[in-house]
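Structure first, commentary second.
Residue numbering begins at 1 within each chain, and the chains themselves are lettered A, B and C in the order written.
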Amino acid sequence: MGVLTAALGTVPLWGSDYLVLFFFLFCLYLTVAQMWNLLAGYSGLISLGQQVFLGIGGYSVAVMGNYYGLNVLLSILAGGFFSVLLALFMSLFIFRMKGVYFSIGTWIFAEILMIWFSNWSFVKYGTGLFIKTNPPLSTNETFYIAFVLGVGSVALVYFIMRSRLGLGLMAMRDNEDVSETMGVQVFRYKLYCFLIAAFITGMAAGVFYIFQVFVQPYKAFSIDWTVKLVFIVIIGGIGTIEGPIVGALILVFLSQVLADYFSVSLLILGAIAIAVILLAPKGIMGTLQAKLGFEILSPRRK
Amino acid sequence: MQRELALKVDNINVFYGEFHALWDVSLEVEPQQIISVIGTNGSGKSTLLNAIAGLLQPRGGDVELFGEKISGMQPHQTVVRGVSLVPEGRRVFGRLTVYENLIMGAYTPRARKRRSTVLRMVYDLFPRLHERRNQLASTMSGGEQQMLAIGRALMSEPKLLLCDEISLGLAPLIIKDIYKKLEEINRQGVAILLVEQDINRSLKACQYAHVMLEGKVVLSGNPASLTLEEVKRAYFGV
Amino acid sequence: MIDLAQPIINGLLLGGLYAVIALGLSTIFGIVRVVNLAHGDMVILGSYLSLAFCMWLGLNPLWTILLVAPIMFCVGFLIQSVLFNRVLGKGMEPPLLMAFGISIIVQNFLLLVFTSDARALKSDLSMMTISLGEINISLLYLLNFLIGLAVILGLRQFFRKTFLGRAIRAASDDVVAAKLVGANTSSIYAYAMGIAALTAAVAGVLVGMTFIFYPHTGPQYLIIAFGVVIIGGLGSIKGTLVGGFILAMAQLLGAHFFGPGYQLLCGYMVLLIVLAIRPNGIFGKA
């Protein structure tokens, strides 16, 4: 594991520009997907509205950088901060909803923000904003930030799952009755996870849109983001820490290889998704774990 | 000459995941017979009926209906061959009317062809159902729902009727009435396998009884030869 | 008052269309207990199929319903029997991702065949209006409303009076009891999805005649469908109709007071308020 992480962290030193780009995208997708996994796989919160935090993160770096000249790292942090604020506000509504209703509720929030931003003169309506960072970042520098987020997100979920919070989540997942009797605590655990996921997702979004140089409401708040996250996590294996790693690698690889055939590549993604659910409903890592009986990054204490 | 059996359960074992629910259970039902299985809650008697009907798949052993192997079949396949289960808790379709419930009972193509004839027979057997035919099933009393559940099961013209706890939660008078109907059904040539917690009632109705405890048949015999003491001891496992 | 009458009447008419859009989603949830996230894409697939028949046979879009509906019935039947039936009873995520997968495939298939150009099903109807004093009623909206109502009432009769309809209701009431009377529930589910797709096809043709559409428009209608069933409660035909009216009314009144840019926003706001007050919808069971 250590060797692989080190190799990933030093890609700019030995790899081509193309590889840097490849692993940059990998790290960011991994980060955001790992957070979706924390929600859907460990906390039972199937959010279809994660794009709301991607949009907020993207707009944060744009607004903070362009309008207020804030330092780029602080702008990225601000993206996480605003996402947490929004998540808190959202929780007032959506945490009253269960199951499917929660999923739809999160999605509706994302749609509301999409419409709001596209009608808001401050962020130039639907045209979107160019992003100027202070100071300007090189490709390699953005890569390192993404790398820190990627590794950090995996480590974070790992440590969360070994903490009291994680034990509570595991108990909830394994036994519905336990969670019934823990009422208030369950609510608090789920809320923590939702806020943590919002924070990290908002930051990752900032880095992504710095790289994109441009943020626009119809893309930033699009359900397409969540479609990709669901794809990554379920293909890789929901509720496993390694799942999003494998899934993100597959997604970035496929989208790069098939970049010239945009719609065909998505057709293939869809077909792969369906094939995996039919053949290996627990995803690649989930199925491997069940077959081989071991986990590389076991969150359970020995 | 070998006698023909309506049902032959031969050494079946049933599991829920890791839990071993039935252990080598065997029993036989002759045509024209009423056979009782007595046992407490969780003794495995409902599991046995569900396994015969095909809701559960036994992992070992065989179930034969008039000589044909039916273990491994799905419920919609066993119904076609003449098995009909009156499930525990009645499970009538609450948001359907009484008439619609009965129509659903005649689901198989063969039953659908003979629907109006059989419907008349069921209405004759349970005039109450005819009175209430346009009422939603969920609005009826427990006894009426039990009649409906039995009527619905009869609509497929079964050769073997499986009855799961049909007296549960009902007043004694109604239970008596329902048991009278069962004997009538039996006289018309339907073999019946009866599962009950009520020892006296089922011993009186049947020609042969089995007592189950913790997934095993622990005592069998015809009611005349079994003493109540004996049955009770087997029933409670003391 | 007279200027309010216009958005209210339009809202009522549009509500009928919204109800048909949501009908299939609600039906499938009520029966199979699956939230079909590909429902919006099925609606748009219906629009494109109609477009293809219009271009190929030169038909009026309205008549293509007769061709598109049976085709979509088969599509729905196949999707359920080949795909969804295999992932039932394995938790909430597998059917969800299955629907996502279907959604991606449908959208990109349409993109491949029809390109990303904006499309519309053109007919003479789109320009015609009936004037009642100062109120103008679009003939197309009226037609949407009437066809929508017909589909909803027809479906209700189907569920009440036919053997298959009764079997579908029985299976949604108690799936074990349905199995015990000899019903093959997998095939019942397949028919149910076929019917849901059929209603999506009708909705798709009407939507295509009324608004422009792209290969990626599906999720937009999925969200409208969600809105309708959230307000009306999942799985209730009556609720679907009421939900359609409320959502459309909220949107058009919002547009009337705050400007067209806020039409969708107002619809969502009403949704969130309904959800916050009644987390299972107005007609939903707690």
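Observations on the structure shown:
Going forward, a residue touches a chain if its C-beta (ideal position, glycine included) is under 8 Å from a C-beta of that chain, and two chains touch if they have at least 3 such contacts.
The structure presented is a predicted model; accordingly, all values stated were derived computationally and were not measured.
Measuring from the average of all protein CA coordinates, the nearest chain centre is that of C. Ranking all chains by how far their C-alpha centres lie from the centre of subunit C, first place goes to B. A separation of 31 Å divides the Cα centre of subunit A from that of subunit C. With centres set at the average Cα position, the gap from subunit A to subunit B is 54 Å. Centres computed as Cα averages put subunit B at a distance of 43 Å from subunit C.
For subunit A in complex with subunit C, the touching residues are 40, 46, 92-94, 96-101, 103-105, 107-109, 111-112, 115-116, 118-119, 223, 227, 230-231, 234, 238, 263-264, 266-267, 269-271, 273-274, 277-278, 281.
For subunit C in complex with subunit B, the touching residues are 163, 166-167, 169-170, 173-174, 176-184.
Touching subunit C in their complex are the following residues of subunit B: 53, 55, 74-76, 79-80, 84-85, 87, 91-96, 100-101, 103-105, 107-108, 111-112, 152-153, 155-156. Subunit C makes touch with subunit A in their complex at residues 29, 35, 83, 86-87, 90, 92-94, 96-98, 100-105, 107-109, 111-112, 219, 223, 226-227, 230, 234, 261-262, 264-265, 268-269, 271-272, 275-276, 279-280.
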